[in-house]
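One chain, chain A, appears in both complexes that follow, with chain B as partner in the first and chain C in the second.
Showing the complex of A and B:
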């Protein structure tokens, strides 16, 4: 009896059961991991961990005593109680229809992170699947357990909160659970049966057979798992299905515009990125400002989410920003089909060809897409708060602002706050803090579109480890730094003014898309800051335009651009500073349109500075999860090869042809085995009770084989062997193998 | 397969050659008298070389006694014969203390057991007490009479015969005592041609009268020593063990360790007969059918002990 078998008898859970339970843990781990991440974004995960642990423990205890039907009831009650608890704890009192609409929106791809009280939601949702999965796994109802875990994971897949790797891990876990679970149930006929009914008396021989069955079963489960991982990865390489399947590699390089402006209610921070030279809008405006598209409030560590629902806009005038402001009218005309309606902050009225909705951060969003030629007019109220006013604004933030705009993922390292606190030691008020942070980022980080995307905590990485990035990195980091100092801030995206083609006229291209920061000041509202160094950015954009022009891309220009006669001097003006860094200039305000710091773009001369780092880069190391999946795939492939007999045949062929000489005894024995293998192949295998002599007589073997048999016989039974005998034996075996 | 290899064992080539020659000569000599039964003769000789005793079992008249006498006559040692009858006393076998009138002392008068080759005819007709007198001599190499032990001469071999007819008038040997015979042989009727030839030879002058010894007791003893030195490597020992265990797993009473020892001794003798200084599995397989069956009691009437041994040889892995 093998050691394994002996251990198996002593340990109440054999390995198959252990494997099955581990698989269940993996399957349940995927939704839990997603939930943990959700919780982590908005607050401390302690309560969530406690709730999960209690559910687990309860299930483990009750698995022994509770009947399945009661367990299902308990699960349903848990789910219902969670739901009730969630609804009653909501600060607002939503109508049932609104809740239902939200649920449908979730199931059709709306991220759970957009739910305002995601923490409450997760905590009330978590116990039911954890309880049911654990309970049924311990009862050996593996399919039901998988169902419970799978439903939870499936939900997060629908809400797109579960990332690809987590999903794959969960799916592998589910498959493994069913596979190993089936083996386990076969192994142990059924606990529900009366004792003794399934406990057949297994003799030593049949136990071995069982073991082999289980082993081969495990191998086949491994093979299937490998298929689950490998097949989609391979299929996604095929042109016809590319992009529809899981893929560990970015499909193609993203564009800044695609990642920013097109991002609907959430955006993920990208790695390498490129610029789109296509013309998007022609703008007639009384002032050159950032054309703002949207803002995001919830930072997830690797991206941004806009919480809350957009509301319909009926054409009425919206609330003006508090404090002094002046009116700026703009008229936009779409030059290509596009799904955004940019406007100068803060828009108060929209009038245009396409209906719009109002997002939670007072941005407009078209109901459908704009087609080329569509136009709309915007009336905006521009805050004209002076730096002094902003300095004196104080920190009396309304609750609705602090609740939403101070959020940071729980996993954000403390050093972000520490570093920021050190940097802004001398700042007396939030305004100065914001200025210092903005200035510091502009001065200390380079602008580059070639970025190795950090795994998590983008802001922390950009602040402490990276030395270059583009606007998203700058803006994300600044928001995070400000929030760490309890200053409400959010991320805004949109377009820079673009190329000025007439006194009040600008051409906006895709490459003008940009991200910046909005900081809240009491009595003045949201004030814009831009931590991105403007010159290298403008240079990169201009270089891209030139490149596109030289490639003959017709979409780069309108009738007004591209010739030198118009406004060459102020072409692509660096956007006016959103805040004044010059403390002495009392008159210059963040809202001032003065161009005093606008630097005329020096054509061509700075192209080199926009190039990404030219040094050699290391290939990305796979993450832990990817490594684990790869390992499973590898094991499964190995098992498959083994089962198909490829490895065995290959090693057999090598063994047969190339005998490595060792000591004479081994040599003779191995030579003999090789010869026997050939005979086996040519005639028949030697039977169990048949002596070598009888066998050789029966198959009428040749003299050389008999000689080899005698040599081996002497070694084996006579205890005599010599180098010469070994040489002779190997020689005979070689000739037999080559003559066959 | 021919046995042309002459491998060096632990002993000299000449000793092995001498032993092989003794065995071959005895076999040839016996075949002067006995027609056919070549294998049985070989088995008897291997049992003698392997320091064992032989039990011949068959119906009367097939030449059991003749065979035993021929083997005995091939050696120059003392040959004794005991005809077992229901009224035979133990002392009739072992000998008895008689009072000598002249010396006024008891002196031991040796019984027929004191020979180098003892033929026990129809052993199953004697009562158990008498049988055990013979069996003690076989096992211990000595007999006890009135508290005094007397050693039997060496070499000492018992060839016993028993009838399988008239079972109601016989005292069957118990398994424990059967176990002490190394081999149990069935002669069977000779083939038609052999029987005809035999009849032609014996109607006139029986050839056994002219049979001369071809080996001395010293030759026999030397051959026995040679056999005892034959190499039995681990694979062979474990094969014998596996065979024995197989019989224990598949029968009511299987082969005892004493049976395994006998099997290997017989196989050693077989190796010498084949002029080899080491035992190969074939030797074991050749001896097993005569060494093992009488030590086995099967648990079904359909399968005989011989069948079981055949099955064991077929099933048990010979590496």
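Showing the complex of A and C:
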């Protein structure tokens, strides 16, 4: 007995039930995958896997003994227990209203990754949907099982933690469950007893008809799945649909500014990206520094998330950074509608047209958007720690820092830490480590806006497999490398100083948006590093400005910039003595260098060529998930074609036109059949009982057909024919077919 | 064609997804709303293209009350269908099933009462493979089923039985032997002679027996037609069994005298169809069967008997023997 038959005997489930259970696995797998990813970002997923496995096993065992009502109760109890467990184990003691507010925020798009204790949350709430889905699937209540899995997936869709492909897989799984489940729960003919007296139709024949029915049903489900995969994907690209909430193709144009500064509380690292030349701010400041917008602390492997909630700001003076600092006052005016309030780190006071709130990283975030013309003033305290002080800062990091700023996803490959350790062998303290990493990245990676985005482990890929990228890649990799050496670091985003138009005035454009690194030193706070090579970046920015100017884009200049500028740069690449005298400042004030490198046209043109649509490139290899979806779509399309008879028609057409030669007997017979088919089509079918000769006479067939008929007669009554006869027969048939 | 509850649910979820997505901008909601709406569209398309399924029925054979039959339907088409075969009163069975087309359906029925009954037409509720959209149609495939009245075993007082089963004494005297013709009573077989030959030999009685006819007249008050038919059937079957040529007169029709299986079927048919009423020929009757409030009475040569008294049991001696 074949293996399949032996397996079939052991497992008394028929194919439809297996398909239904596989579909349930798919529908449940989508939210599980999301949960796994959430846990992986913050720590070891072992406990989560154990909890999931136990829930699955419990449901499988109880499916035999527990009644559905009791099972629902068990599910509710699991959910309630998880809720209680979560609330009581939170390190803070939030009020009920705060929890409710957080839940509402989650449901309206706040990512779960922003919760400080994501691990606890997932482990508390994973068992209930897993148990309920498995139980009801094994009990053949497929719609209920789909509801359980779908609710879990729906939650993650609302929090945007489930990406589009995972969601689509889950939806396909849900549909497949309902489809195959319906087929599984309809009446089966062998379950009904028919009395001996009644069965006049042979059971064999009725069994075939029923098999046909089930087959046809399964193919219908596949067709529907294929349509569900293909049609929305196609329609999403239509101009009228894309951009609405019915489309799920990412049509947002990726600009550096858009991906960084507008990203709010979570950002995903993009692929190819472009620069926005629009002027954003005009700044008057006592010193030129990076205008910082926000920071991110939790690295997800393919993006960043800011954990924690912001709090209201009432205008009071905030804490100064520890250690020596000097005051820098700035005044910003928005030149276009914008939703951020950049400031030099570390801002201690804000005063402006728009109200702000305070983020968990002590930055400011406006409550509404700024319109062009809005202005605000900032007072910042700039740390003036010397390199020697930073070298001696030590490693006594406070708990609140290590808890938050040493996180790396579990799936980060170990080689990141190993490579970093090797590179920084000779560094003796965190400051030197940071310097080594910064300079290594500047010198060993090239700057380019044209990047093929890695699906996961961006830092690992940039360190080991890629050779070029833009600021986000550099900053992400540096933070990851430092964290792998237990040095607290975070990524900061904002703007570089921009174009200097006067002694203390700068014009900041969208293309000045940038990402860099902040590293924590005890007694000094967060110190800035920038691993992106500055010259190529500045060149790319300048080229973009020129391009926009030549296109006549009015938003690229204010009255003070460009050709109207009255300001001539005094060549002072080194900062004045009152400010820092360490190396870091030079690399962190590229505003000066941008004027030195006015014509790096080789690099500039290289980078500006990335503005238009990229030339023909090979499409990215589809991911596993996309392959799976494509496979289902193919199967379903094949089923649909088969049902509509297309495949039959096509194969018939091929049979008619092209005869494959085997042996003379088969060839003659097939040639005859082909000729008959043509006659059938042209005149009428041969009736049963009508001899071939009579038929040919009646339809007035030509000589060639009669010759073929004679050959075939010879075959029929003689038993064999010669090769030549077969050749002749096929020739005749070919000519008949081609002449019809 | 209309959406099922599931279809309405899908529509609601899609609507909610679009609304929330427009308001709050979660991108993956597009991967929820789009497929849901497409699924509804495809469902409607599948149901539309499936059209009306074709149904072929193997009609059940005639029989007596209490007998069970299997009805077989072959339903051709596509989609998932809930097939209900309508049964008229008098036939009992569970005739609803949910199958994926094409399918062959068989279900059991029990004949309850005598009469002309009908199986069909077939109500089909067709849904797509996901159960989102449903279309209900009725396929006009009807078959008539005739259920004969019940037949009981005769017995009881001597005189009565002798009238109807007159061959008790006459059996010894027979005229000649002839070959067996299908329809002859097996009691007439002369076994001794038959043993010497390959075929069966039947005793041919004196003519007066073969000429012997019996006129059975049946009448009933309203509502008692069933009892009348049962009694008349019992009597006529018993008479036929003993070799008499039975002529039957009922309010619903009459059958001239005759013998054999065909005649038996005709008698049963007439009795299956007849209603209550009078015939106007009660004077001619050798056996008069009447049914009214007081019960069923059988009158033979002026003597009345309650029908109950002349039946030995309610077992049907013809069960399974009489086909369509």
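The criterion applied here is as follows: the second predicted complex is superposed on the first by the 571 of 740 C-alpha atoms of A that agree within 3 Å, B and C clash if a C-alpha of one lies under 4 Å from a C-alpha of the other, contacts with A are read in each partner's own complex, and residues count from 1 in each chain.
The definition used in the following text is that a residue touches a chain if its C-beta (ideal position, glycine included) is under 8 Å from a C-beta of that chain, and two chains touch if they have at least 3 such contacts.
Keep in mind it's a predicted model, so treat the numbers as computed, not measured.
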Which superposed partner A:183 touches (first chain B, second chain C, both, neither): second
Touched partner set for A:318, first chain B, second chain C, both or neither: neither
Contacts of A:164 with chain B and chain C, given as first, second, both or neither: second
Chain B versus chain C as contact partner of A:719, first or second or both or neither: first
Which superposed partner A:143 touches (first chain B, second chain C, both, neither): second
Which superposed partner A:217 touches (first chain B, second chain C, both, neither): second
Which of chain B and chain C A:628 touches, first, second, both or neither: neither
Superposition-derived comparison: chain B or chain C, residues of chain A touched: C
Residues of chain A defined as touching chain C within the complex: 108-109, 143, 154, 157-160, 162-164, 166-168, 171-172, 175, 178-179, 182-183, 186-187, 189, 192, 194-195, 197-201, 205-206, 209-210, 212-214, 216-217, 220-221, 223-224, 227-229, 231-232, 235-236, 244-248, 250, 643
Residue ranges of chain B touching chain A (in the complex, touch as defined): 1, 5, 7-9, 231, 233, 235-236, 276-282, 285, 312-318
Residues of chain C defined as touching chain A within the complex: 6, 17-18, 20-39, 42-43, 46, 58, 60, 68-72, 74, 78-80, 97-108, 128-131, 320
Chain B partner contacts - residues on chain A that touch it in the complex: 687-694, 696-697, 706, 710, 713-714, 716-720
